[in-house]
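For clarity, chains are labelled A, B, C, D, E and F in written order, and residue numbers in each chain start from 1.
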Amino acid sequence: MSAGGGDDRIREFTEFRERMNERILAEPNQVVRRFFALDTQAYQAGVLDVATKELLGLVASLVLRCDDCIGYHVARCREAGVGREAMFEAFSIGLVVGGSIVIPHLRRAVDFLDQLEAGAPAPAEHAHD
Amino acid sequence: MSAGGGDDRIREFTEFRERMNERILAEPNQVVRRFFALDTQAYQAGVLDVATKELLGLVASLVLRCDDCIGYHVARCREAGVGREAMFEAFSIGLVVGGSIVIPHLRRAVDFLDQLEAGAPAPAEHAHD
Amino acid sequence: MSAGGGDDRIREFTEFRERMNERILAEPNQVVRRFFALDTQAYQAGVLDVATKELLGLVASLVLRCDDCIGYHVARCREAGVGREAMFEAFSIGLVVGGSIVIPHLRRAVDFLDQLEAGAPAPAEHAHD
Amino acid sequence: MSAGGGDDRIREFTEFRERMNERILAEPNQVVRRFFALDTQAYQAGVLDVATKELLGLVASLVLRCDDCIGYHVARCREAGVGREAMFEAFSIGLVVGGSIVIPHLRRAVDFLDQLEAGAPAPAEHAHD
Amino acid sequence: MSAGGGDDRIREFTEFRERMNERILAEPNQVVRRFFALDTQAYQAGVLDVATKELLGLVASLVLRCDDCIGYHVARCREAGVGREAMFEAFSIGLVVGGSIVIPHLRRAVDFLDQLEAGAPAPAEHAHD
Amino acid sequence: MSAGGGDDRIREFTEFRERMNERILAEPNQVVRRFFALDTQAYQAGVLDVATKELLGLVASLVLRCDDCIGYHVARCREAGVGREAMFEAFSIGLVVGGSIVIPHLRRAVDFLDQLEAGAPAPAEHAHD
C-alpha cells in the first residue's frame, strides 16, 4: 500500500495480512493471542456505535502514520456506513492534529478509498479473524 | 496536569494556556495564526457532529500522549454531551491502539475527568480564543 | 517525576498511580480491564526470565520517552536483580536507538535509580495490582 | 521510495503525489485545503531564507522518519542551493537527535540525493501545487 | 518547565540538568559518554553555521515534543544571534510539520523565550559540559 | 520488506543496505561515521550478553515501528541463539507496550523470521560493517 497501489496491491496486502494473522495465532503465545482478541473487542458496538469507533481507530492510525492500519479502518468505516464527506472530516482532524507529516499517508488513504469505491475487495474483519 | 493534579492545577493550567495563546497570537507570524484558526475550524460541526469530532481529537491526543491536549478534549467532550461510559470506550480504543505507554496519560485523563465531574472549571474553547 | 524529584516525588507518584489504577479498574469497561491484566501477564517469567523482560520494558519505555514507565521498570529491574552496570548498558542502547531526545529522560531515570539505591520506596507491581 | 529505488521510482512517486494532491484538493473540505495552503506558505522566504527553511523541513522529516517528506525536502534543498556537505551536516543532526532508528531513512535519503545529482527529475513544489 | 514556569523553574531545571549530566558522565559506560560527546560535536560550526544548526536542533525538538530540548535550543539559538522573528518562523515550521499536538510545547517555548528576553539565566552549553 | 516479502526481498534489502552504508561512510562527515561506530559498539557483549542486547534492540525497533531495524535485530537475535519462543515473548512485550499499531510490523517480523528459519541469508553485522 505504498506509492502507486491499485487493485492487485489491495489483494496482495489482504492475502499477506490473513496468512500472517494465521501464522501468529498458531503460535503458543497467550499474550499475543489475547492482544489480538482485545483488538477485536475494542471496536464492537457499545455506547458508541461501530461507525464512531472505526472513525476513532482511523484517526488514531492517521496520526500514528500506519498505512496498513489506515487502510483497514477506511474499509471498516465504509462498511459501517461512513460516507466520503464524513471520512474527509475525520482526515482533516488527523491532518490538523498530526501535521503535514500525515500528508503522504493521507494520499494513500484517499487512493485506497477511491479503490474501494471503485469496487476493490476490502480486507476481512479484525486482526484475529 | 502531571502526577497529583487537583482543582488548582486545572486553574493554573487554564490561566497559563490562555495567557500564552494571547502572547502567541499577538506575534506577527501569519502561519502560526492561521494554524490556530484552522485548529478551531477543524472541530466545528459538519457531517460529523461536535461530540464525534471532539472524541476524534481525544483519541488522537491519547495515542500521541499529550496530557494538555487530552485534558482539553476531555473537557470539550463533556460540554458536547459525551458521557463517562462513552469516554471510557474512547479511552479503551486509545489504549489498545497506542499500548501500555498510554496508561500514565489515561490515569491523568481519568483524574481530570473526575475533577470536571466534581465541578472544576473547564479550559475555554479552542486554541485561538 | 519531572525536573528535581526526590523522595517525596516518588511517594506522591506512587500514591497517585495506585489511586488512579483503582479508579480505572472500578470502571465497568472490560477492554480497559483486560488490557491491564495483559500488561501484567506480559512480564511474567517464561522462556525469558523476569529480569530480561523488565529490561525489555525499560528500553521500550526509554525510546518512547515515558518517564512514569521508565521509573516503573527501573524499580522492577532492580527487584529482579539487575545491577547498575547492566542498567546503564540498557540505557545506552535506548540512547543510541532513540537519540539525544532521550537524554532528558535518561537524566530522570538515573535520578530515580539513585533515589531507589538510597532507599526510596518503589512503586508496587504491575498496572492492575 | 523504499529499498532499491532508482529513476523510475522517483518518477512513479512524483506522479502519484501530484495525482493524489489534485484528488484531495478537488474535495470540498476547506480544512484540508487550507492546511495544504499553509504548508506551502510556511516555507516561503521570510527572515529565514528558503534554503534554511527547507533544511528545517528536512530535519523535521528525518526525525519523524517520513521517507516521502525527506525526499521532497532533499529535492527542495538542492533547488535552494544547499550543497552535499551542508546536507550531510543536517543529516548528522537528524541522526543524533533521532537516533539509530533514523538510519534506514538516511540510507534512502542519500540514495535519493545520489539520484538527483545523477539527473533524476525532482518532485514539483509544495503540497498543493 | 511544565505549565507555569518562571525564573525559578529555569534555575531549578538548569541545576538538575548539570547535576545529572555529571552523574551520568561519571559512570564507566563508554557508549553513553561517547554519545554525549557526539551530541556536542554535531552542533559545532561547519559548512552550516551554529545559528542554523541550533535552529535545526530546535525544530527537531519541537516536532518530537521534548520541552527540555526545546528550551535548551531556544537558549542556544538566542546566544547564536537568532532573533525573535526568525525563532517564530522556525516555530511555525515545527507547528505545520508536527501539527496541533505541538501547541502545548509551543506555549512553553514562547514562555521560556520571554523569560530569557527578560533576563533569566540560560542553561550551559551542550549535554556533556 | 513491506507486504509480501520472500527470499528476493531479503537479498534486495541486504544489498541496498550494504551499498548505502558504504556510500554514507565514504562521506567526510565525522559525526555520521562516529554515530555508526557507536551503533555497533552498543551491542557488544558487556555485563549483558549479546543475545540480551539484541533483544533490547529488537523491542526498541518494534515499538518505534521500523521494519528494517526489526528485520535486522531478528536476524542478529537468531545468530546469538535466541529461539522462536523467546522471540515471541519479546514480540509480545513490544505489542503490549506499543499497541495494535505494532501489529503490521509484527506480521512482517514473523514473515522475516519464517524466511530466516527456511534458510534465507541474513543481513551482515552492524551498521558500519
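One rule holds for everything that comes next: a residue touches a chain if its C-beta (ideal position, glycine included) is under 8 Å from a C-beta of that chain, and two chains touch if they have at least 3 such contacts.
For each chain, UniProt lists the protein as follows: A, B, C, D, E, F = Alkyl hydroperoxide reductase AhpD.
Small disclaimer: the values here were computed from a predicted structure and weren't measured.
Taking each chain's centre as the mean of its C-alpha atoms, the one that lies farthest from the centre of subunit A is E.
A repeat of the A-B interface exists among B-C, C-F or A-E; more than half of the contact pairs are identical by residue number at C-F. Between the Cα centres of subunit A and subunit D there is a gap of 26 Å. One finds 31 Å separating the Cα centroids of subunit E and subunit F. Residue positions of subunit B touching 2 or more other chains, listed in rising order: 2, 31, 35, 38-39, 42, 60-61, 63-64, 69, 85, 89, 92, 95-98, 100-101. Those residues of subunit F lying in contact with subunit A across their complex are 2-5, 65, 85, 88-89, 91-92, 95-96, 100-101, 103-104, 106-108, 110-111, 114.
Residues 30-31, 34-35, 38, 41-42 of subunit C are the ones touching subunit A in the complex. The touching residues of subunit F, when paired with subunit D in their complex, are 1-2, 12-13, 16-17, 20-21, 23-24, 27-29, 31-32, 35-36, 39, 60-61, 64, 66, 68-69, 127.
Remark: subunit D residues 63, 95-102 touch subunit C in the complex.
Those residues of subunit D whose C-beta lies close enough to touch subunit E in the complex are 38-39, 42-43, 46-48, 52-53, 55-57, 59-64, 69, 83, 85-86, 89-90, 92-94, 96-98.
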